[in-house]
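Order of writing sets the labels: A, B, C and D. Residues in every chain begin at 1.
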Amino acid sequence: MRTGSQDMTSINARRASPRTRATPGTVAETIPYAWPWDGVVDLDALAVLTVRAPGPLPDGPWRTHLDALVEAAHRNGVRVIEVITHPPGADPVGDSGLPADGDLVVRAQGWSGFFGSPLDATLNRLALTHLVLAGHWLEIGVHSTMRAANDRGYECLLAADACASFDPLLRPSALSSIEMSGGIFGAVGASPAIIDALNGTTAPAPTTGD
Amino acid sequence: MRTGSQDMTSINARRASPRTRATPGTVAETIPYAWPWDGVVDLDALAVLTVRAPGPLPDGPWRTHLDALVEAAHRNGVRVIEVITHPPGADPVGDSGLPADGDLVVRAQGWSGFFGSPLDATLNRLALTHLVLAGHWLEIGVHSTMRAANDRGYECLLAADACASFDPLLRPSALSSIEMSGGIFGAVGASPAIIDALNGTTAPAPTTGD
Amino acid sequence: MRTGSQDMTSINARRASPRTRATPGTVAETIPYAWPWDGVVDLDALAVLTVRAPGPLPDGPWRTHLDALVEAAHRNGVRVIEVITHPPGADPVGDSGLPADGDLVVRAQGWSGFFGSPLDATLNRLALTHLVLAGHWLEIGVHSTMRAANDRGYECLLAADACASFDPLLRPSALSSIEMSGGIFGAVGASPAIIDALNGTTAPAPTTGD
Amino acid sequence: MRTGSQDMTSINARRASPRTRATPGTVAETIPYAWPWDGVVDLDALAVLTVRAPGPLPDGPWRTHLDALVEAAHRNGVRVIEVITHPPGADPVGDSGLPADGDLVVRAQGWSGFFGSPLDATLNRLALTHLVLAGHWLEIGVHSTMRAANDRGYECLLAADACASFDPLLRPSALSSIEMSGGIFGAVGASPAIIDALNGTTAPAPTTGD
């Protein structure tokens, strides 16, 4: 395919070129395994997905963590993608009306950010394979998007302290369901350690075989 | 489209014809709302999805409930579809090796039964819009499939007692997360009441406006 | 699913209600079969897809036909959806910058209007099952979108005189490839007859069995 | 994601490792550009898709070319995937009944091999990014699959002499529509040159910048 190949060129160039923004190591203290499982934090393969649901932003410390995470991503040239989720059947197209600061914005057609949206095509085009997820609501749009991302082969890390829970009583189990069985849908971490990794400070990768 | 239109004929014929197998009413005692929300149990629009994960079938009373549910579906001419789910990247194609009793079998490419599978196309082709979900594992393949189905506009009912939990400690919250906020991903019921509905015995639909 | 069910209500209400805007008959002189194959022109199930490619609109009589078709759709309350297609990898998200006149606009991630877009979810949500396709380029975005629509079970009619060809030498074969084998991807017609059908004037449906 | 990560390990290992089976150069005499556009024939990134339609295999020299192409792929350890296409709505699941010789077989739900099938997930899982397409029918399943592959970012080469045409009169235009505008959907080549490339004999990549 040649028409429009300028972007494809950049993808393939990046794939072929040495990974100059890759640091061996992992994000500190992620559960249940040291993330990412391939033991390399590559800023060129990483995207931060900020998931949003309809309605006003809920209050709480999660917003401070999310803002710091997004700021660190911007400062280190890591792609941030705002993912608009909502109930299926509601308001299928239109403008998000949310500030995006030059980041990409994708609008899904349901609670999974991948359903009826350009998210998968966009991540593929930009050769982004590792995802940090945050936003609201943890148990709804964030969780559905993380499940769908994991099915598609993306390596996912939930920034738990940068997520707002729809029902605080369900928060522990929402996190546990990710952590169960060795990380069926990915891993769970905290934004300070993720920000450290964005800044180039990683933890040693585990030496055990996998 | 004309080639292969024999199946399309049947879809459109069914849509145009009077709904002779539709009973006004709902399944008794579903939570958090009387399912289905349109107040009609239509055996021609209904499918029972039996979700399976790799490995041997876990023991427990869930199997008795599942067998009874499938038996009632067969007896009443309601479509049963076995949905094979598994970790992404594992064994992408091949035979399920599970008994299907003439039912359809679809194999997904991850934990959502809709990912990389003919499930959506098959349900559309057969004009099946209402789904009863059961199987194992509740928090993994069943839950991912129900989330994806709900995004696609299917009206979903989880047969809770016919599901096996991967982690029994997570079972209550897995059910609660479906029930939260008025039924974000559908409703939760029990197989005896679902079997009654398959047999034509429904509860009165609520009279409140919606 | 209950949250956001207002739209679902309208879908099901329409399905359940008598088809008050359905006229027995077909569009006159469509090739290779009288469209639609089910012999009913239902304005509530119909959408006009106007496909667009990047760059300025090409000149030619096709634009007059397209404008008349869209005008007739608007006058008769038939949904018009602008479908933005483009080379894969080019400009994945952003504003179309095209006038939409209150119509829906969907942006795809390639030449098929269904790829990475809300088109399928939107058509399903609105219970639109019959599509009239027009726009540019005939052999590229229009053709890819029609092939993908046909796979998904939509009954498709190409408004040939309302399409611009990328390469006029390929126009006859692009039309022939649709007409071959009894209408593998749908049928081909002309905008005056389609406008007649939108206005309620149809041709008799063929009496032969199918 | 860790469960089932054995396959992911192999993908990432391959991505990270030196491309030991990659030969700089292109397939000789492809039209309208020297394929692949990135100027590297990498046997580990390549798949041969053999597309099939319902009914008996048509006769003709295309079968000899296809058999030679598949044999060369097998001999050089290049993945061959049989892609079953058919009219939408016909026989949605079931066994292909075709000999597969240990190759993968995927069954689509329409004329595009990507619709309702595990093809995209499987290619992603195996890190296959470059596709050679052959089979029958050229204008129907092969063409729809090539269009869908190109939208998804795969670099596609049609093995024209290894394809059977549904309507021989449409064959030239089916090939021209791929070649137009610099290769909108990929390139067109002949199986002897493709077999040379599978055997390690490539043409020099063009030196012009692109």
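The rule is short, and it goes like this: contacts are C-beta pairs under 8 Å (C-beta built on N, C-alpha and C of every residue); 3 or more make two chains touch, one makes a residue touch a chain.
Bear in mind the structure is a predicted one, so any value in this text is a computation, not a measurement.
Interface subunit B/subunit D: over half of the residue numbers present appear on both copies, so the contact uses mostly the same residues.
On superposing C-alpha atoms, the copy subunit B sits rotated by 180° relative to subunit C, to the nearest 5. Mean C-alpha positions place subunit A and subunit D at a centre distance of 32 Å.
The distance from the centre of subunit B to the centre of subunit D, with each centre set as the mean of the Cα atoms, comes to 36 Å.
Looking at subunit C, one finds that residues 1, 3, 5, 8, 11, 87-89, 109-110, 115-116, 121, 125, 150, 152-153, 181, 184-185 touch two or more other chains. Interface residues of subunit A, counted against subunit C in their complex, comprise 1, 3-8, 11, 86-90, 92-93, 104-107, 109-110, 115-122, 125. Across the complex, subunit B is touched by residues 87-89, 109-112, 115-116, 139-140, 144, 147-148, 150-153, 166-167, 169-170, 172-174, 176-177, 180-181, 184-185 of subunit A. In the complex of the two chains, the subunit A residues touching subunit D come out as 1-3, 5, 8-9, 11-12, 15-16, 33, 37-38, 121, 124-125, 150, 152-153, 155-156, 181-186, 210.
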